[in-house]
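Worksheet: one structure, shown below.
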Amino acid sequence: MSRNIILVDPLPRTVDLIMEPSVKARLHQLGEVVISEDRQMGAEQVDELLPDTVLIFGQTDMPKERLDRAPKLKAIINVESNFMPNIDYQACVERGIWVITPASAFASPVAESSLAMALDLARGITKADRDFRQGVEEYGLAGNADTFRFAGASVGIIGFGDLGRQLRELIRPFRNHVRVFDPWLPNEIIERADCVPAGMDEVLSESQVVFVFASVTSENEGFIGAREFAMMKPGSAFLLMSRAAVVDFPAMIEAAASGHIRVATDVFPDEPVATDDPVRSAPGILLSAHRTGGTRDALYALGSMAVADAELIMKGLPPQLCRRADPATAARLKSKPVSVT
Amino acid sequence: MSRNIILVDPLPRTVDLIMEPSVKARLHQLGEVVISEDRQMGAEQVDELLPDTVLIFGQTDMPKERLDRAPKLKAIINVESNFMPNIDYQACVERGIWVITPASAFASPVAESSLAMALDLARGITKADRDFRQGVEEYGLAGNADTFRFAGASVGIIGFGDLGRQLRELIRPFRNHVRVFDPWLPNEIIERADCVPAGMDEVLSESQVVFVFASVTSENEGFIGAREFAMMKPGSAFLLMSRAAVVDFPAMIEAAASGHIRVATDVFPDEPVATDDPVRSAPGILLSAHRTGGTRDALYALGSMAVADAELIMKGLPPQLCRRADPATAARLKSKPVSVT
Amino acid sequence: MSRNIILVDPLPRTVDLIMEPSVKARLHQLGEVVISEDRQMGAEQVDELLPDTVLIFGQTDMPKERLDRAPKLKAIINVESNFMPNIDYQACVERGIWVITPASAFASPVAESSLAMALDLARGITKADRDFRQGVEEYGLAGNADTFRFAGASVGIIGFGDLGRQLRELIRPFRNHVRVFDPWLPNEIIERADCVPAGMDEVLSESQVVFVFASVTSENEGFIGAREFAMMKPGSAFLLMSRAAVVDFPAMIEAAASGHIRVATDVFPDEPVATDDPVRSAPGILLSAHRTGGTRDALYALGSMAVADAELIMKGLPPQLCRRADPATAARLKSKPVSVT
Amino acid sequence: MSRNIILVDPLPRTVDLIMEPSVKARLHQLGEVVISEDRQMGAEQVDELLPDTVLIFGQTDMPKERLDRAPKLKAIINVESNFMPNIDYQACVERGIWVITPASAFASPVAESSLAMALDLARGITKADRDFRQGVEEYGLAGNADTFRFAGASVGIIGFGDLGRQLRELIRPFRNHVRVFDPWLPNEIIERADCVPAGMDEVLSESQVVFVFASVTSENEGFIGAREFAMMKPGSAFLLMSRAAVVDFPAMIEAAASGHIRVATDVFPDEPVATDDPVRSAPGILLSAHRTGGTRDALYALGSMAVADAELIMKGLPPQLCRRADPATAARLKSKPVSVT
């Protein structure tokens, strides 16, 4: 008798982390669910299940040999959110197997935090609280000596995928002039969002607030360094929201410490950051411990988007919510998988 | 020969504080400008100028006797932003003298700061930075244990004048359900802004984030106290953005210190706050030294709005940017004049 | 015993025309309602009621002598929507009597119709239907030979009161560049709505679509004539939505008939239009019989706004929804009262 | 020496119809352009070019045998906008050949026309003009007897692809409650657009205005018929904007002629419509000759989107503007190719 196995191998996630009960119930209606969440699913079990597997939720290695043994497989749904080189993407494409990930689940909380941190740098929220607690607060106009209005400030966005576009929607009421640098996109996409396509140097030198949402690729590691920080406007704000590797991190710290720019970062070259890392006492930086995306609601959205697209795929329809792996671009991405959450 | 005097008596402001050069030039085109800004204009000088005065910029006392001596006066433009009881408002109305103030100049920076502080309380921005500097940061989901998403959170607004309405526009992309309490307004005004009119108890008990923009009147002093804080949702956020006197301040501090709610305040019963005031080390409060409104751009807006309306008035047209003093409501307001900017 | 009379003298409206039952019920809670709606209230009855009258809804003549006899009167609420010279406005101001009108009730339906008619002219909706019925329709690109896209077209607005501002909000998704001419407004008001203040000639010569919402004053009668139509772009659209007297009507018809511009008009020098008026067969004009504002919902809004403000006034608060008569500007307006609805 | 052929076989389009000079220049920078636009490119020429062809712009037949002979082919870009069964889609997927079409170029003009026609039906624009020309116009409220306000009306959208989503954005200022029926989409997509997912019967029975943007598939031919029209609200509006085959056309005409609903249609079972087709004189219908999409700007957008994506593909990046053919869904679509424009 034919079985329809849903192979669930979600580490570092767990099912309950990413699925509310109602979503989990929908998952179970799609087939016979087999879960391994205390450890990655063992090779033996995977091999045994593959002949009847229709869907994989997780990051199971899927080289060509395994795909050969999974004739009913319709989709591999990465629930970690970064595509890794452990799948033969081309072979999946040839067989009509969708390889997708609900990565955009993180766009909404990251964009919200990015705006929170940009407003903080502009208006001096955290600094003003610290000054107050230290008894050196200044009132009224004097308390705004080093601030600027976010409303109307020129904004630059580096990397205009889900995160950048969400941020752009959030800041609409502030009526900023927004420049975007994204070499993977045609100008039309940028212009439709009422932004101006620009080169990276222009984005850096003309913007009062710069948001970095770019992924790390083999081509852009450390592509924002001392030269780039030097071209930023004095007093402008730089927010690093994607991956530490896109910047020269020490150069960024130096640019903030010197008072040239103000910086906020959610990511660090090594996480957790060492206890004695000097960044902990660096001036001019707003620190966030890789926590802008990993909210309760984002993780649940990860699961519900994955299941909703699985439902479509099982009906023979294309997925609508997850991002597809493109063999060519997947090869360029260099993301490390997350180790925590 | 007929003179047209513009009497400028702007303390605690000064002309250069509120007018950029181009605006000051427009002021001078309206008539013969006489300024007193190192001290309030003396009675003798005022009396001498009144017969030829067409406009007053400032907070000069204008009882009926003085109005009687100013037959050419068309407008009194308060540039401090709060109407005070030193003017015979009814007599001005009877003579067709506009009494106006460009108070809404502060709405934009206050709304921006209010959102910044609300996002801070929701997402834990200042707290996360402090934890990081103290070496106790948590990463990813763990770092979001005590946070909530501002997007989609229920919002309450108490006082729906310029400030409340600006804040409402800023938060549109976050798609909140917004309840408004304002006993001075008809429901239509609230509903047109896509908000729901509600009683104060409902606003407090049903909202995840409550913004207070209400002015102090003889009727609402201390109207938010221990009973009201107790009815708020655990973990919800309360932002006091208008006047300290509308709340029972110690009860607010206690509600935050106990961990029941989180609080942000820009105002204090006595400013500057005493060096040893315990609020400086109070937990659960985000502190701001009466600095959300007094930005460079807001002060310039004060001046440009005042001059733009003066230009209209001199042409026989009604003012469009400033708020008019209404004799009946002016009597209810209890604002203290600001002592510093 | 003291009575509180609400004098209701609404012709050419009637109470049921402008008030839904729930609104009428609120009216009755404000005092003792006395209505004359088959004919204007007689002088004798008015005089008898005035000593106890607190509110007047309607267009009753109120010269100084009558105001003298109405010591309790708090407000005169014009429900026709145009201020007329039958009231001593200055005397009302001196006594603190509000004179207001809920004229903005018509803004929403007029703006909606204005957009409908602008889209019609741009995309040729009515013309295409007529061609189809006559068997001369063209398909696809050929059917669009004389059309233009409203999206992205340059727009001009003449008169930026309630109507113009509502229209501006409705067209936001079309991303037009919008120029505004309104000599009664400071630039700030126009710029805040993301429009560009401009002179009338620039509005006419640079816009692909021009909307006229200006009221008639003693200064602007017939101010758009042959010279002005000649400066418009060939093929551009001109929509007359306020009063026929602001244009040179024959010149407008000629500009349309010659094929130079396309025109839509809701108003005519004499209404109803004569049976044999040549405008009925004029080419290039979209005709509307003064019907863009007088919708069921607008008339009900008129009543509900009037009652909501009356409620505030009875509580000693200023009105929030209606427009106030300004003695100086009321004198400049030359509107004819409407004879029908 | 290696050549890079761009095979351009665009009938029924021509290059100049879809590409402005600057776009055509970009096309030529991508390789050696070979065009056949007076007739479909002959088999012999195609076969000769295929070994060096990198891009195909057009609707050339591409069965597996031809794909076998095109080892350098990176993309087939359909510029007609409907995928047809003359391509081996699965073979293209296996070889990593993009098959795409810039169909969304038509979304903007169609959405604009759809709103124009909906406003026309709601407010009676075309009918009022016709009445005026026939001397039977009614003024004011009487002229609005059979109208309704589009603002605030309940709206239903059937088919929520590019067209439906663009329409949804255009109507945001009207604050409608919007229900969407689209069985190919997860609820999340609909909810993110602030719409409510609903079944088709609910959409039809609860909406004051229903827009049909659904494509024809093997499953939905004639799926809106007499039963469905009967469940619509009396006086509601039905706009058919996609393909005539999704409705029972005679039933639609009957529903309009009977006065039950009002209808607008841009499409007809046979186009051009026969000279004596009774639809030409049908009452209650607004007629448009398949002309809502085929605007000058839309055709140019078709070309510029095609070239922009071709540029990305030639750089090894995925296309961003065109829609991809999905082998499974391509098989379900039943569109007839357009014969004109």
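All chains are identified by letter, namely A, B, C and D, in their written order; residue positions are counted from 1 within each chain.
By our rule, a residue touches a chain if its C-beta (ideal position, glycine included) is under 8 Å from a C-beta of that chain, and two chains touch if they have at least 3 such contacts.
Predicted model only: the values in this text are computed from it and were never measured.
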Chains adjacent to chain B and to chain C under the stated definition are none
Determine the centre-to-centre distance between chain B and chain D, using the mean Cα coordinates as centres, and give it in whole Å. 51
Centre-of-Cα separation between chain B and chain A, whole angstrom: 38
Could you tell me the distance, in whole angstrom, between the mean C-alpha positions of chain A and chain D? 34
Could you list the positions in chain C whose residues touch two or more of the other chains? none
Go through the chains and record each pair that touches. A-B, A-D, B-C, C-D
Spell out the residues on chain D that touch chain C in their complex, using ranges where they run on. 17, 108-109, 112-113, 115-117, 119-120, 122-123, 125-126, 128-133, 135, 137-144, 147, 149-151, 169-174, 271-273, 275, 280-281, 286-292, 294-297, 299, 338, 340-341
Partner chain B, residues of chain C touching it in the complex: 90, 93-94, 96, 184-189, 304-305, 308-309, 311-312, 316-318, 320-321, 326-329
